[in-house]
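Below are two complexes that have chain A in common, paired first with chain B and then with chain C.
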Partner chain A sequence: MTMKTIAIIGAGPAGMEASGSLARLGYHVVLIEKEATVGGHLKNLFQLFPDRRPGKEILTHLVQTIKHPGIQIKVNSEVSEVQKLDNSFALKINEETMNADAVLVTTGFDLYDATEKEEYGYGIYPNVITSADLEQMFHNGKVVTEEGKTPKRVAFIHCVGSRDEKAGNNYCSKVCCVTAVKQAIEIKELLPETEVFCYYMDIRMFGPYYEELYREAQEKWGVMFIRGKLSEASQNMDGSILMKAEDTLAGKPLRMNTDLMVLMAGMVPSASSKKVAQQFKMEEGQNRFFKSADNHYRYNESQQMGVFIAGACVAPMNITDTIANARAAAVKIDEYLKN
Partner chain B sequence: MQPNYFDPFVLPFTLSMFALLTFLVFKYGSWIYRFGASDRKKVFKGFFSRNSWLAMKEIFMEGLLHRKIFKTNRRLGYMHMSLAFGWFLLIVVGAIEAHTFAKGSSPFYFPIFFRFFVPGTHESFFSDGFTQLMDLLLLFVLSGLFLAVLKRFKSVWVGQTKTSRKKPIDRVVLTSLWLIFPLRLLAESFTSGIHHSGGFLTGSLGTFFGVFLPINQLAYPAWWAYSLALGFFFIGLPFTRYMHIPTEMVLIFFRNWGIKLGVDNPVLMEVEINSCPKCGICIDTCQLSSMAGIHNTQSVYFIQKLRYHEDYNQVAESCLMCGRCEAVCPVAIDLNSIRLMHRADVSATREENFGFIPVQTRTADVIYFAGCMTHLTPTIKNSMVKILNASGDKYWFFDKEQGACCGRPLKLAGQLEAARELVERNRQMMMESGARMLVASCPICYKTFAEDYHLGMEVLHHSQYLERLMANKQISVEKLEVSAVYHDPCELGRGSGIYESPRAVVQNVAKLKSSVYQKENALCCGGSIAHLTLPLEKKKQIARETLRLLTVEHPQVIATGCPLCKKSFTGESGTKIMDIAELVAKALVAKPVREAAKQQKEPVYL
Partner chain C sequence: MWGFNITKTRAIDFDKNNREPMMEILRLEPSIRVCIACGACTATCTSGNLTPFNIRQLNVFMQRGEYQELKKEMHKCMLCGKCTLVCPRGVNLRHLILKTREVLLNEEPLFAQN
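Let's turn to the complex of A and B:
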């Protein structure tokens, strides 16, 4: 029996973990990544919830996993053409053609483009940033306003571009609530004098130890949680941000000044996922993420025979679930190729 | 000696004609009776005025020649013209022919059945000419009829994708209408065949039929059938869309006499509703049908629901109020206003209280009103503030703290009472400021201020204000290296007729590209606040399709003059969307501070 080949598109946590699993099962894996380096969004994460371990630790672990003779890594690469054959796919990558007996799509997510919510002022007022920008500040070890000052107050805005009919995204991005809590604590550790507010609709602490983290933020760090949605923001003369919101618990409109406003931009299906969907004629669900053949039983199978899906391109997911999901996909592919 | 021009077969036509005339006199009389006193006066004054002539001219151009339909679509125009104008000429020329022959008195049905009563050739003046002319006219009408039949079965051919749905009674009357002229052709041909008379059409056809048909036996029944077809048509007319034929003329008279549609004038609305021929032109132009797959809400359906007293609530709500249908409606029915009048007045259901808005007034020359939509697109607001600061005008940013709304959304949602209260509050503050000018960034606000507020000061949309600032050299700009296509917002363009100012502004600061979809033919961005129930996905579908059509020339920027348009496009567009105020703010060149600006270091606002 000749060795079967699996093409994995996207080398984020999902693609990396699945590559390792499949290689260990004895398959030849071609891992295709459009960026120059592997790691996906994990590369940008400074500390991970819930235990605050460095993101680098997990990344190192995953990089270790894909160091396997059965895995061929192609960075700066994208599939340009797809041809469906009888029991396989002919893929064109960088002018070379390869044959894949199965394809695993792990193209992940994009961060919601917060400039679309112009009323929040991202891209207009420099002191309005996203959680990803803040993560970058943590990497640099310094949280300052545009004017270079230490912020006296920081406000996190939950559900930016998620659970938002007007943005066209009705789903919950799952990880942003706990990310806000994690980042709020990190600010407090770094700048104990700074007041931190979170504006939320609901707090969704879905994973193990997340609720504990939320409690710690309130009890130990004094982070203040306000239930209410931001309606709009404008800039004061000194560059600080004037927020207009409604406190839905108190039932009153509310105004607050803040030095830094952090938008918890949600997850949207990545733009390149759309391209892949067209290439392989895969269906999208109502939320525009890939559609599984069955929501319970065949979660990792797409509607297209021989094409599998895993990770945040299927639905918003944290890293723990992404890794579990990638392994499940590996098992499914193994079963598929053995039959 | 007066011959006896009577035969029982004329009865169906004659009686139905009398019935129809009686009905129309009664109907139109009751309309005039129900007009308010002032409109009634206009009718009596207008009747003998020059305006009646103008009306007749218009009836000729629109009702007979169908000039407007010609403009939208030639083939459709020809169809309508040959039917209407052809029939009209048949009647007129027929009457002249009959009168020349009878030299005076004859029954009024005589011209209609002339060939029956005067079957052979005769020696009266120009008789041969008349015969040929009448044949030609009949052919003209028949050609239009041919197109109409074709349209019924294959409407794409006359340039329409969908034709309006018809009721059973419409079908019966339509069939009798279709039969009138072929039956006339047969009746005249048979008679001509028997008497070896007739023109190039009826004469030749008569000879031809005579070869293989018992035309002697067929002629009389054919005249009966012709008269019956006319009879059915006239009796059915008031119950069908053909009521539009006489009503449209009456409407044109009313309009020329200065009678206008208004909330207080439901009668004219009834006239308008009865004037709709169901031409279906409004269907093709509606983006809800072409881009969002909603096919039951176009104006023709709405009008029909009103006419037949069906439940219209859902259809009344389901409309962008973009005005595209009104712009092309050949009868110029006030489609938007009628729709608005039928949105339920739900004031009673909610209690509004604007006590939270502080009543404050500043003195200023110019009041700037951003509007709540502009507050959600702060780049526009910031650009306007930058420009206002540079202008040297002493201004008051009325809704800087965003308390007020112009009141239009309430009105569109049917909250009439609340809207009135809000308008009164704002009006009072504005009047007390002593300002000479109000500038609004949102076309919806602009229209509301201009039409509902009666402020006694100039009301400008910011496009007009910007144009003026540049013309007066109050600000100076440098042309940017970008190409831009300008998207006309519905409320600013078709709604307020402002097409040129924004274009002049764009031309000053960028390279203006034109588009097929501009001015009256501009598309709706899909985000209209007038449509309260359209699902977001449908709105986005419309936005995407509109963007695709707008960017065929690959402009670098899509410029617009409405915060709502900007919002609906953003996120769906690969091309940058900018308000004209943003373009101007970007192109602004700093210049020596003017006197007024010196005195006013900080902008004057709340």
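Let's turn to the complex of A and C:
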């Protein structure tokens, strides 16, 4: 019997972990990544919630996982054509054609484009940044305003582009509440004199030790939480930002100036996932992420026979869940190929 | 003993409150059911920034069958519709306010429908 081949599209945490699992099960894996390097969004994460472990540590571990003779990695590569055969797929990649007995789609997410929420001023006022921009500042070890000053106040705005009908996304992105709390603590560590506020509608601390991190932010670091959605922001003469919200617990409109405003931009299905969906005739759910064949029993199966899904292209999820999900998909693919 | 009978309780007596007007308002404009009390409407409200008028809170009172405050405050709304524009849940606040006024203040409907 010849060795069976699995094509995995997208080399973020999901694709990398699944590659390792499948290779160890004895399959031949072709891992296809459109960017020049593997790692997906994990590449940009300085420290991970909830334990503040360096993102690099997990990335190194995953890179180790895919160093396996059964795994062929193709970076700067995309599937350009798909042909469905009887029990397999013919895929065209960089002018070469390969045959895959099963396909695993792990194309991940894109960050919500915060310029779409014009009333918040991202892309207009330089001191309005996203959580991803702040993560980059932590990488560089320096958090300063556009004017090069140490911010005396930093405000985090939860739910930007998530839970917002006006943005077209009714779902919750799941990871941004705890990311805001993590980043708030990082600011306090770096700049103890800086005041930090979080503007939230609901605080969602779904994972182990997330609630504890929230409590630590309040107790140890004095981060303040204001329950209200930002309605709009404008720029002052000195470049600082004027925020308007209701302090719903006080029952009054509230105004506050801040030197830096951080938007917790949510997750949206990636643009390239859409392309893959068309190529493989996969269905999207109401939230536009990939639709599972069954939400409980067949979570990693798409509606298309032989095409599997895992990670943040299925729903917003953290790295722990992404890794577990990728392994679950590997087991499903193994069962599928053995029958 | 003094005063105990005359001082009205501050608690919302949900079971005693007349919920019929509320049910009627919710029938005429059901979208308020998905409100998550984020306060974006109140924050942007022209009237709310000048007076104690708080549209988010008033809608909570309405849904608990407490109409005292609403009857006093509803006229302060200028029907500018800014609240409807910012609502992340797509609540049709402007229409809700019109219907609330009709039901509670017996105002004539602005339009023939509903």
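The rule is simple: the second predicted complex is superposed on the first by the 339 of 339 C-alpha atoms of A that agree within 3 Å, B and C clash if a C-alpha of one lies under 4 Å from a C-alpha of the other, contacts with A are read in each partner's own complex, and residues count from 1 in each chain.
In the analysis below, contacts are C-beta pairs under 8 Å (C-beta built on N, C-alpha and C of every residue); 3 or more make two chains touch, one makes a residue touch a chain.
What you are looking at is a predicted structure, and each value in this text was computed from that prediction instead of being measured.
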item	value
Chain B versus chain C as contact partner of A:K166, first or second or both or neither	both
Chain B versus chain C as contact partner of A:I124, first or second or both or neither	first
Which superposed partner A:S234 touches (first chain B, second chain C, both, neither)	first
First, second, both or neither for A:P54, with chain B first and chain C second	neither
Which superposed partner A:G26 touches (first chain B, second chain C, both, neither)	neither
First (chain B), second (chain C), both or neither touched by A:G222	neither
Touched partner set for A:M201, first chain B, second chain C, both or neither	second
Of chain C and chain B, partner touching more chain A residues	C
Touching partner for A:D247 - first (chain B), second (chain C), both, neither	second
On chain A, the residue positions that both chain B and chain C contact, one per complex	119, 165-167, 232, 244
Chain A - residues contacting chain C, complex	119, 159, 163-167, 201-202, 227-232, 244-248, 251-254
Complex interface listing, chain C residues touching chain A	36-45, 48-49, 54, 56-57, 86-90
Residue ranges of chain A touching chain B (in the complex, touch as defined)	113, 115-116, 118-119, 121, 124, 165-168, 232-234, 244
Parts of chain B lying in touch with chain A, wherever the complex brings them together	375-379, 382, 402, 536-537, 540, 566-567, 570-571
